[in-house]
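The same chain A turns up in both complexes below, where it pairs with chain B and then with chain C.
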Partner chain A sequence: MQTTVSLTSPLSRPPHTLVTVAWIGVRELKDAIGTRWFTLYTLAFAALGLGVSFVSASGSGGSGLSGFGRTSAGLINLVLLVVPLMALSAGAASIASDRERGMLAYLLAQPVTPVELLLGKFVGLAVALLACILLGLGLCAMVVGFKGGALNASSIAWLAGLSFLLALGMLGTGMLISVVTRRASVATGTAVFIWLVLVFGTDLALMAGTLTFRLRIEELFALSLINPLQVFKMWSLHAIDSTLDVLGPAALYAVEEHGESLHAIFGLCLSAWILAPLTLACVLFSRKGVS
Partner chain B sequence: MIIMHGVTKRFRRIAAVDNVSMTLDAGDSVALWGPNGAGKSTLIRCLLGLHRHKGVITVNGHNARSHGKRARASIGYVPQEIGFYDDLVVGEAIRHFGRLRGIRRTDIDGTLERVGLPGQLAKRVRDLSGGMKQRLALAIALLGDPPILVLDEVTASLDACGREEFMSFLGQLSGAGRTMLFASHRIDEIAALAKRVAVMESGRLTAVMDVASFASSHGVGSFVHLAIPERTRPRAMCVLSEGGFEPRLNGVGIIVPVRTDQKAAPIALLARASITVDDFEIISRATADAHAPIHGPT
Partner chain C sequence: MSRQTENLKQTTTRLACAVGVGAVLLGLVGPWASAHTQPNEHEAPAPRVSRGDAESVRQSTGEIGRRIARASPGDTLIISAGIYREHLRIDKPLIIIADGRVVIDGGGSGDIVEITSPDVTLRGFVIRNTGIDLDKENAAIRVTSPRAIIEHNTLEDILFGIDLREAPDSRVAFNHIGGKRLDTARRGDGLRLWRSDRSVVEGNTIHDGRDAILWYSKGIVVRDNTGYDCRYGLHLMFSDDVTITGNEFSRNSVGIYLMYSTGVEIVGNRLLRNRGPSGYGIGLKETDQFSVRDNLIVGNRSGVYIDGSPFTDKRPGEFTRNTIAYNDIGFTFLPSARGNELTENNFIDNIDQVAVAGRGSLEANRFWKGERGNFWSDYTGYDQNGDGIGDFIHESQTLFENMMDKEPKLRLFLFSPAQQAIEFVGRAVPAVRPEAKFIDEVPLMAPAPLLNNVSEASVSAGVAALGLAMSGAGAAIVIGGRGVCPFISLLTLARERRAARRPVGALP
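So, the complex of A and B:
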């Protein structure tokens, strides 16, 4: 066996950051699609979405637009429950499980920086989540169309887009949890706890706060912007219906006071929820490494 | 090739690596020796940029902390036990790590052939034995022929047979112009692969010596090189291992590290087991470094 070594190896110039991120993303996407949890989430989301669409469209009596309005209201609530849980748990498992099985140290011993690894995983999982959302909502749109509804393409596009933004925010939050926890089980547990707080806890806290501190309407609206799920809910309804009547006085105040600039406000809030956890995760991961 | 200056890594109040300075030139082969907890693996992790540390490490002219990606591009790394993408097939795993190293077209067949894993292309990583996984890790470490090879107790999780085979591969790699830094607590591995030994204790580098001095100080005075017919070599390996020696296959026979007053003992042991020894040679420590069967490619 002959072994030759070139000391002026081409390896002295590692691939560009974007190339590295892309390859890690592709690997992560393939891994995610192959995992059981992802298949289960996708199937559950699609099945529940189909159920909601079928029931809503059946009750619409052929009134397509109102049929889809009812469907989209049901889907918004479904997205609020399923998508954050899916994204949070995917993000939480990403780094912590690799750390636990010794894969993280091996990956970071390659010409790969911690930020490239984190962003690559983020991109791969984001694409997987997008596929899941598009599959679920696409099936729902088909059912609505099949039941004779005049399918409002822009509504479903808004819903899919906003669901994806929510998923990105929750994915970044999950990855932040994954970076700061040592064990995958702790990361997953923390992710589920955060999900419970966002889905149920903040609503209860807002109600209690309003009663206890006699919050003014603008304060109530400002506080509701802290929760990305509330932002998603308000933005989705605003984008699809242009009114926020169903959400009560705080939402009505928001429409009166901010009008069309609500899109920008909601957009800034969700962008902050995407960028802040991801940036923090990158900084902490770079400093902390595998230790 | 590798320069470490004042490297210190603390975990809370404990200094896992304490003010270590060392230089490895091109083609050098240095063993990190010391008991568990001496700081060998931590030092390697600092070199790879896996731990933040004090002091400066330069790899091939690149600072391991500030330009870690560039520094690691010059390093092939084999850990003690590898955590892989278990669902991947071997070929896909090699291709993936090749891409991360910027290698557009990986000669996968050639790579596997090189480490003795031909025909394993379509096998899933989870179906490989421990020894085969280590060979896969070695194949990945050698992608693109990096000038530096870093090994962290690579044979610790292997059985006797797997260790012998793996050492045989590594023996062919050392002395081929590649710089090697490896952690081990096995004298036979150090004798086979190292030119110098860096002794670590409680995180500190207590001595750096040539391998002959190290072997003498640890009671290993010479090697006996035994020419044994190929068909009886596996049995001879077992007999010698059971007899308390640490024999190693080197492609043309068996090398046995022995104390100076025990040179005939391996031959006597094999004779009692009715194993034919065609020829033998005593290699003293002073000449060991220059002896082809021990350090050179076969």
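So, the complex of A and C:
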């Protein structure tokens, strides 16, 4: 089986790459929205988000004070838990399950290059994730707006945008897992493992490192930038609160030292997390192909 | 031979590279350096020139100065609207009142109004544009005599605002004091009292200054003032028997900072969002015999910061009916703090309700007295007999909080799921459960009512609309993606192309 049919295709001219990517994207989006995981995750995300917004908005004990930081902290926490899991598992299932069902061979028999196929799937899944994030955070925003929480519109927009960036990074990572592994079950297992590592493992390790090696604050801050979840957390806190002093000396140091360029630093880290796995997945996939 | 030439070649290439890089650096740094040094050279002489001008203005004295010279003690001078470029010296007891908008412009040099006689009243002026000499402490109004009344003035673009030096029994009221927008190290104090006992500071608004500071002044009343974007909203140094009521200090580095003072009452103030590396709502350093009641302390880095207070054991430090909410840390105790009593306070959703810095303990402080404890938003007990007091004691023993207290760097991991994992382990495994930081035996079930007016959280139409739009967009993607509504033009485009090409096997 040849990987690129376009070379041997009887067609005079293959369709433009963007069209192919868009076409595959739309198909993937349709597929994704029909699946159980999408419905499940969307419902779970929206329900948990609503819970967080209700509880934090009413947690002021009737004193009339609005929950400064409480709602945003709850939502950030929720995004940190749910969005990476959702994106990683969606990405991990994408190529591996198609391969298992023999769908991959069929798709690549069309005038489609592997990179186009991969990018198309990425775009489609990204839009599906975007829908999920918008639905979930949108409902939260409605609750916060009606209950008079402390989050303003720009904070919500920042939170949604950054959640989407995080989702893109995790989706790319998931697809890399999917390309590398042979079976869908292995891919999903690996994705969950990676999720555990990112959500708990790296932070716990870094905490232990801080205590045992007496890391200096600049080292601690630099190391924490490795974890995209930490970057997302710090970036959204910085965007919502415009300070980072809630996160203690290391964050204070970062704000003093880097000031406004913190946005650029966080942006760079997250873009690296989006581009690097995706590029690697593209390279490996075009080399490896269907097998 | 050939190796030698090779080496030579390499060396020359390296040398050339080094020279090239050096030249580029020089080219880059040169203009930058000169751009950074030139303004300083220009800046230095500029004030000197203008000071010379100002000197001549002062010697010739302007219109207000001439009227002061002609007036006899006890006279009332009404100054009509206009801009007066002059520096005044009021050396006899006069009442000077602005009629309309009277601007006294200092032309960016020196002090502007100097009051050297007792019993002077200055009311309703706009005084602006002092010098920026920190050594000479250029002030808008400097008083060196007792019983001055400074009211309803607006001070703009000034280094020091109102500076009372040995001016007891004075009254500084309803002035608006706005500092020059310099960085904190180059600012002056918006208000300063130096050995000015029994003075009253009331209803002033102070912003963009360094501190409003009391030095060695006894029996001062500070009432209904507002301070924001300063370093310390209010700063007491060795000032005893001071009453601080109804003030609002927000967005400063520290709201109220008491140092080495005895007998201070802090009642009914609002301390909001004082943040930064210090970031205390109220800081107490070696202060004695104080009472902090009915204050609203919200959104600060640390609501209250206690360092070595109360200083003696004459009277316990009293904290009653304060609302401490949404601060990063509610109360920070340094290990040296002992003898404080906290009753009927509302601790609401502070990320860390009470912290001990370092490895100290809170044993020497009390969190309840008789039947009166505090309201803790994280209290998990219940009240079966309905007496308003929780049936179980409240003890604070969360593992992560303890870790943060000992190693503040760990705050970086706040809000991350790993933090919750640690909390969970702390609750589930008795072996790692920390000792209780403090115990409240009679925790309140409901927060004590606020005496301070708090603006109710209002419905935000903008946020709700954004939420509606976002969920609408999400729903549109879902519905559109399902193909119910063929609005995605890409889809049709792709279909058309497919129809045109008629590939061998159509995609499902």
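We take it that the second predicted complex is superposed on the first by the 267 of 291 C-alpha atoms of A that agree within 3 Å, B and C clash if a C-alpha of one lies under 4 Å from a C-alpha of the other, contacts with A are read in each partner's own complex, and residues count from 1 in each chain.
Rule of thumb we're sticking to: a residue touches a chain if its C-beta (ideal position, glycine included) is under 8 Å from a C-beta of that chain, and two chains touch if they have at least 3 such contacts.
In this text, all values refer to a predicted model and were calculated from it rather than measured experimentally.
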Notebook entry, point to check: For A:34, is the partner it touches chain B (first), chain C (second), both, or none of the two (neither)?
Noted result: both
Next item on the list: Could you tell me if A:23 is touching chain B, chain C, both of them or neither one (first, second, both, neither)?
Entry: both
Check: When the two structures are overlaid on chain A, which partner does A:105 contact: first (chain B), second (chain C), both, or neither?
Finding: first
Check: After superposition on the shared chain, which partner residues are touched by A:161: those of chain B (first), chain C (second), both, or neither?
Finding: neither
Notebook entry, point to check: Which partner does A:146 reach: the first (chain B), the second (chain C), both, or neither?
Noted result: second
Next item on the list: Have a look at where A:113 lands relative to chain B and chain C in the superposition and call it first, second, both or neither.
Entry: first
Note to self: By the touch definition at the top of the document, which applies to A:51: first (chain B), second (chain C), both, or neither?
What the structure shows: neither
Notebook entry, point to check: Just chain B (first), just chain C (second), both, or neither: which does A:287 touch?
Noted result: first
Item checked: Partner, of chain C and chain B, that touches more residues belonging to chain A -> C
Next item on the list: Jot down the residues of chain A that show up as touching in both complexes, chain B in one and chain C in the other.
Entry: 11, 15, 19, 23, 27, 34, 106, 109-111
Next item on the list: Show which residues of chain C lie in contact with chain A when the two form their complex.
Entry: 275-277, 279, 298-299, 301, 323, 325-326, 328, 346, 348-349, 351, 375, 377, 403-404, 407-422, 446-447, 450, 454-475, 477-478, 481-483, 488, 490-491, 493-494, 497-498, 501, 503, 505, 507
Notebook entry, point to check: Which chain A residues qualify as touching chain B in the complex?
Noted result: 1-7, 9-15, 19-20, 23-24, 27, 31, 34, 98, 101-106, 108-113, 116, 287, 289-291
Check: Which of the residues in chain A come into contact with chain C in the complex?
Finding: 11, 15, 19, 22-23, 25-27, 29-30, 32-34, 57, 59-70, 73, 76-77, 80-81, 106-107, 109-111, 127-128, 130-153, 156-157, 160, 199-200, 203-204, 206-207, 210-211, 215, 217, 220-221, 224, 229-230, 233, 237, 243, 245-252
Margin query: If we count contacts the way the header does, which residues on chain B are in touch with chain A in the complex?
Written below: 11, 26, 45, 48-52, 60, 68-70, 72-75, 77, 79, 81-85, 87, 96-97, 99-103, 114, 144-147, 172-173, 176-178, 297-298
